[in-house]
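Let me begin by handing over the structure; questions about it come next.
Naming follows writing order (A, B, C and D), and every chain is counted from residue 1.
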Amino acid sequence: MMEKRVKMIKAGIVGGTGYTGVELLRLLAGHPQVELAVITSRAEAGTPVADVFPHLRGHVDLTFTVPDRAALAACDVVFFATPNGTAMGMARELLSAGARVIDLAADFRLKDAAGWQDWYGMPHACPELLAEAVYGLPEVNRAAISEARLVANPGCYPTAVQLGFLPLVEAGVVDAQHLIADAKSGVSGAGRKAEMHILYAEAADSFKAYGVPGHRHLPEIRQGLSAAAGAPVGLTFVPHLTPMVRGIHATLYATLKDTAADLQVLYEQRYTNEPFVDVLPAKSHPETRSVKGANTCRVAVHRPQGGDTVVVLSVIDNLVKGAAGQAVQNMNIMFGFEETAGLQGIALLP
Amino acid sequence: MMEKRVKMIKAGIVGGTGYTGVELLRLLAGHPQVELAVITSRAEAGTPVADVFPHLRGHVDLTFTVPDRAALAACDVVFFATPNGTAMGMARELLSAGARVIDLAADFRLKDAAGWQDWYGMPHACPELLAEAVYGLPEVNRAAISEARLVANPGCYPTAVQLGFLPLVEAGVVDAQHLIADAKSGVSGAGRKAEMHILYAEAADSFKAYGVPGHRHLPEIRQGLSAAAGAPVGLTFVPHLTPMVRGIHATLYATLKDTAADLQVLYEQRYTNEPFVDVLPAKSHPETRSVKGANTCRVAVHRPQGGDTVVVLSVIDNLVKGAAGQAVQNMNIMFGFEETAGLQGIALLP
Amino acid sequence: MMEKRVKMIKAGIVGGTGYTGVELLRLLAGHPQVELAVITSRAEAGTPVADVFPHLRGHVDLTFTVPDRAALAACDVVFFATPNGTAMGMARELLSAGARVIDLAADFRLKDAAGWQDWYGMPHACPELLAEAVYGLPEVNRAAISEARLVANPGCYPTAVQLGFLPLVEAGVVDAQHLIADAKSGVSGAGRKAEMHILYAEAADSFKAYGVPGHRHLPEIRQGLSAAAGAPVGLTFVPHLTPMVRGIHATLYATLKDTAADLQVLYEQRYTNEPFVDVLPAKSHPETRSVKGANTCRVAVHRPQGGDTVVVLSVIDNLVKGAAGQAVQNMNIMFGFEETAGLQGIALLP
Amino acid sequence: MMEKRVKMIKAGIVGGTGYTGVELLRLLAGHPQVELAVITSRAEAGTPVADVFPHLRGHVDLTFTVPDRAALAACDVVFFATPNGTAMGMARELLSAGARVIDLAADFRLKDAAGWQDWYGMPHACPELLAEAVYGLPEVNRAAISEARLVANPGCYPTAVQLGFLPLVEAGVVDAQHLIADAKSGVSGAGRKAEMHILYAEAADSFKAYGVPGHRHLPEIRQGLSAAAGAPVGLTFVPHLTPMVRGIHATLYATLKDTAADLQVLYEQRYTNEPFVDVLPAKSHPETRSVKGANTCRVAVHRPQGGDTVVVLSVIDNLVKGAAGQAVQNMNIMFGFEETAGLQGIALLP
């Protein structure tokens, strides 16, 4: 009798001490088909992962190492959970060695190298890979992801905003020149770094907008929605810092060109086969906590007072569907695993 | 030599156990020209105020009493910090007795009694007073307030949204048919009542919109902005619940008709003489904590990427400029006091 | 060839709308050997569970029903996630029908019916079951639990405090007449009920003790520690309300009789075979978030400045190891499952 | 006719960008007898204070300057709101110039220079001033403070713990060899500096102890209580980090030697003339928010179950009575002002 063989792959993580890195560890430690082989951190090299992150005691036995190209090249997949600019310095070599690469930072998200340099303030180190890199939003690019060697994992805001706007923009029912995305993020979205403005005593019990003149996620969202619309869109994007740890709530506004469209049906049909997008019943108000720790985006669509303004509410966990969870989803697609493998955890509520 | 006499008035508060009531107590206890004479609460009658609110120990010696019309009528001013529907049952009598009335609830905010009934679900008890009642937004109605017997203190969202939109709408530089107000409130805005959705374990570490199909503050804002525009405006208003105690942040969007207007100058000129509206320098992002406990509205105006969408950021403390502080400001105007008397406290930060 | 059969059981939950009920749902929905058969709620009967708790959409298909004794009696195990006093009214009948019962409330925690009545303010409905009921702290009563029909799941504070004190008290190295347990709980410990003191605006950004004159968990802890000591212990227990959703941190103090004891070794040996008690290295300070969502108790033992006072730090998630997780652990033991089945989720951090 | 002259003094602040510095600014800006003359910050020199702290817009017109000894020496009083080790480098010179000095850091808190070096890790720069420096706890040293040139403002934990223990220790009714202080602080107590462990996403929704092996406030508390007891006391001090911005809650434990003592009366008599210590009625549980922004310490004393363990609950705002407020109180005493001048603000609740 044939024994069913479960395919196993080796995974490496570059930059394992940030929030997306540690969330990757949580998810991959519970993934049935992944062996965690390497995790790097220059700052913590030599320290067991579980000493830095005690919640992983008993679950992760690895020790942080300095980045070693040979060890990483021996992995089937390498995740970059690093600051912008790191993955583009190592991707070519890893790809040549046969590893696949998923970058959770922004290095491969924009197709336009000049635009990338404008927004990120440094020249791009390997613009020739930008064309090959697949933007890892499975709800748009599933087929391409399944063939990809190099995946650019979307930003957290771009995931919430695009999933919220896509049905409207693809269907062409709104004025795509005046899209508004008012987005609110928990503080973990700013990363795990010692900066003043994200101190507890600075960010707690207060609320503010930031980056109104221009935020790096703007061109990324614009690129994705323009592709969906088949023409350049006009977008105003205002991010806000919210006193919570995890979660993004995007409140989206657009003016309907076609007020006869049944928006609820439009959304339900668009996402009917998506395992990680949940269209809520009409009149719903999703809470960010309903996706805390889960790889789900919950969406609700409203037309207040029956007017010509449509309001979409879209929530994700910025560290899961907005980062590490989506990266694992992309990995699952790339390696032919069940797309939901390792991602079936239920949100923690309350 | 003549002694300078400080005019003193007697104040009563109906409904002193909610958050706006207790905030009135804090402000009036420190007001140099007010003697707190009466504070009523059916539930707490007979209990010293400081037993219910220990932070007032040593500052407020009053005891809660059942509402007594004679005692209230003997006051110079009576504040209603009650649920909607209470003030309209007692206002006529108090006014006849010579007291002035400031209602912190919604009873006298809408000019249209039928509209009021639609939104508040009960017939109005004294529609004949609606015409007389002055909407207590000093930045619009200062002169009328100074003559008023009956002031309808604005709602918290309406204060933040109107102060943010007024310069644009008055100047006619935006499309007033598609105004968008995305507003975020701390949980104290929901009042001090035992309801499930505002429990700590329900509201903490999460973010959500509510009331998207229609919120009672919508007609109030629409009425105020329509008056400012000289014609009915179109407004989409989406309130959100934020995991903080105090504060409202309104993010406002409008499409410019006149892209040559200098918006920074427009705002600074509009509010140049206003003691409680602070126009921040260009490119600023006000935080709600910068007004915590203070009667100030801080406003910043942006035009992202120089496009035709204007973004206004407006923050207040919902319990101060959005309720009790504004009520004291109105009282000061009504009685000819310095408008800033009792309202000079600095925000508590951090 | 023999097929390996996984034993499956049917579980019912009485009272599924509180925090311990919804946490049971999360854990049981992911348990490989449990079929959720019944979930009752008088208030929500007829409503799908996922309508009340949207985070369970796609994971739990059940609908709340009114409690039906026949349906419950057909279950292999019935969990009571109800207020105190409910389980004792139904336990006899369910046990007679062959179901096993795990009560997450306090009905069967105290052996002394008179004491129970004193602390809980009502006569006990079935004192004859008190002797049979097994106190479900696996680290003390594993063997008895495996044989039990009726398990009294420990309280949250008692779990954290007993696991922290047990090694000291069992070994007889401290003065058991002057034990001090200073415990801090997240607000979810107060339950999901509309009460004023646990409103967000009351509990956020503040800290207080409560129940200093006497808390119901005091006799429960005293009973457990007295059994461990072999003689009545003296305990001062002070609970505090902490502005966080989940988590208990117990800081425990005792005076050493034997200052030569190696406390680190004592703790490590006591818990060496326990899957859910993690003794941290010397000098550690466990954080409650390191167990958020996990069934783990992390413990650290200190002897400040080498003096005769021992300080133990013990953290759990009040809804998991302090309630629903421990109930599942007890179920696993009762039915001969792997003790860790369904309980291997990693804590959510940050 | 004689005009009443209000005596005015000039105040300088060294290190105005930390939380104690900005709180001093808030309090001194509202003080009727203080002119803010100088505020220094190397990092922000040249920047208006209100640009760094927008809540002070309209209240503070000063600009940060580099520390200039002449400008500071021209002040009547200089506050050091600096890291440990700064004040001791400048105090001698300022005192010689005739200024009085209030150090909010630890430089002059311990009488023993060798002990200071052990705990603070650097030699003391002017040990000869330690004898002259007066420990600024007005409830103990009011007379000496009124004569002092140099005041060591107490630490936040030491203020809460000493005010809680003093009546017991002075009266000699407890075993002073086994005092336990379990203290919980809001995150602002850690200061305004970019450190990882006090990030929002690290400190929110979690609770932990720290410094159990030994915290710098231990010798300070021990020194004060030993003086009160007339003999060295034994103290176990465990600080905890609490997810709130402001507030300290000290829960104190001691064993009664004299169980006949009326503790409520003892506390009320001890503090009967103290303007800033409020002894609550028996059975009270003070909340930290009841003193948020106020210079008050609220204390409650309990004897659970009538046993021989006394439990004291003591709350302060760490930035006010635990730092800047107490410094202003000391200044008032030193300059013969009303002790409550500038300190009559009511706590902000909710």
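Operating definition for what follows: a contact is a pair of C-beta atoms (placed from the backbone, for glycine too) under 8 Å apart; a residue touches a chain by one contact, two chains touch by 3 or more.
Bear in mind that the values here come from a model prediction, so they are computed numbers and not experimental data.
Colleague: From the centre of chain C, which other chain's Cα mean sits the farthest off?
Modeller: Of all chains, B has its centre farthest from that of chain C.
Colleague: Which chain pair shares more contacting C-beta pairs: A-C, or C-D?
Modeller: The comparison resolves to C-D.
Colleague: Starting from the mean Cα coordinates of chain A and chain C, work out the distance between those two points in Å.
Modeller: Once rounded, the distance between the two centres reads 36 Å.
Colleague: What's the distance between the Cα centroids of chain B and chain C, rounded to whole Å?
Modeller: Each chain reduced to its C-alpha mean, chain B and chain C end up 46 Å apart.
Colleague: So, what's the distance in Å between the C-alpha centres of chain D and chain C?
Modeller: 40
Colleague: Out of chain B, which residues touch more than one other chain, so two or more?
Modeller: Those would be 19, 186, 188, 192, 201-202, 204-205, 243-246, 286-287, 289, 292, 350.
Colleague: Could you list, by residue number, the parts of chain A that touch chain C in their complex?
Modeller: 1, 19, 22, 26, 29-30, 53-59, 188, 192, 204-205, 245-246, 278, 280, 284, 286-287, 289-294, 296, 298, 319, 344-350
Colleague: Considering only the defined contacts, which chain B positions touch chain C in the complex?
Modeller: Interface residues on chain B, with respect to chain C: 19, 186-188, 190, 192-196, 198-205, 243-245.
Colleague: If we count contacts the way the header does, which residues on chain C are in touch with chain D in the complex?
Modeller: Those in contact with chain D are residues 178, 180, 182, 184, 186, 201-202, 204-210, 212-214, 234, 236-238, 240, 242-247, 249, 251, 253, 255, 283, 285-289, 292, 302, 304-305, 307, 309, 311, 313, 315, 350.
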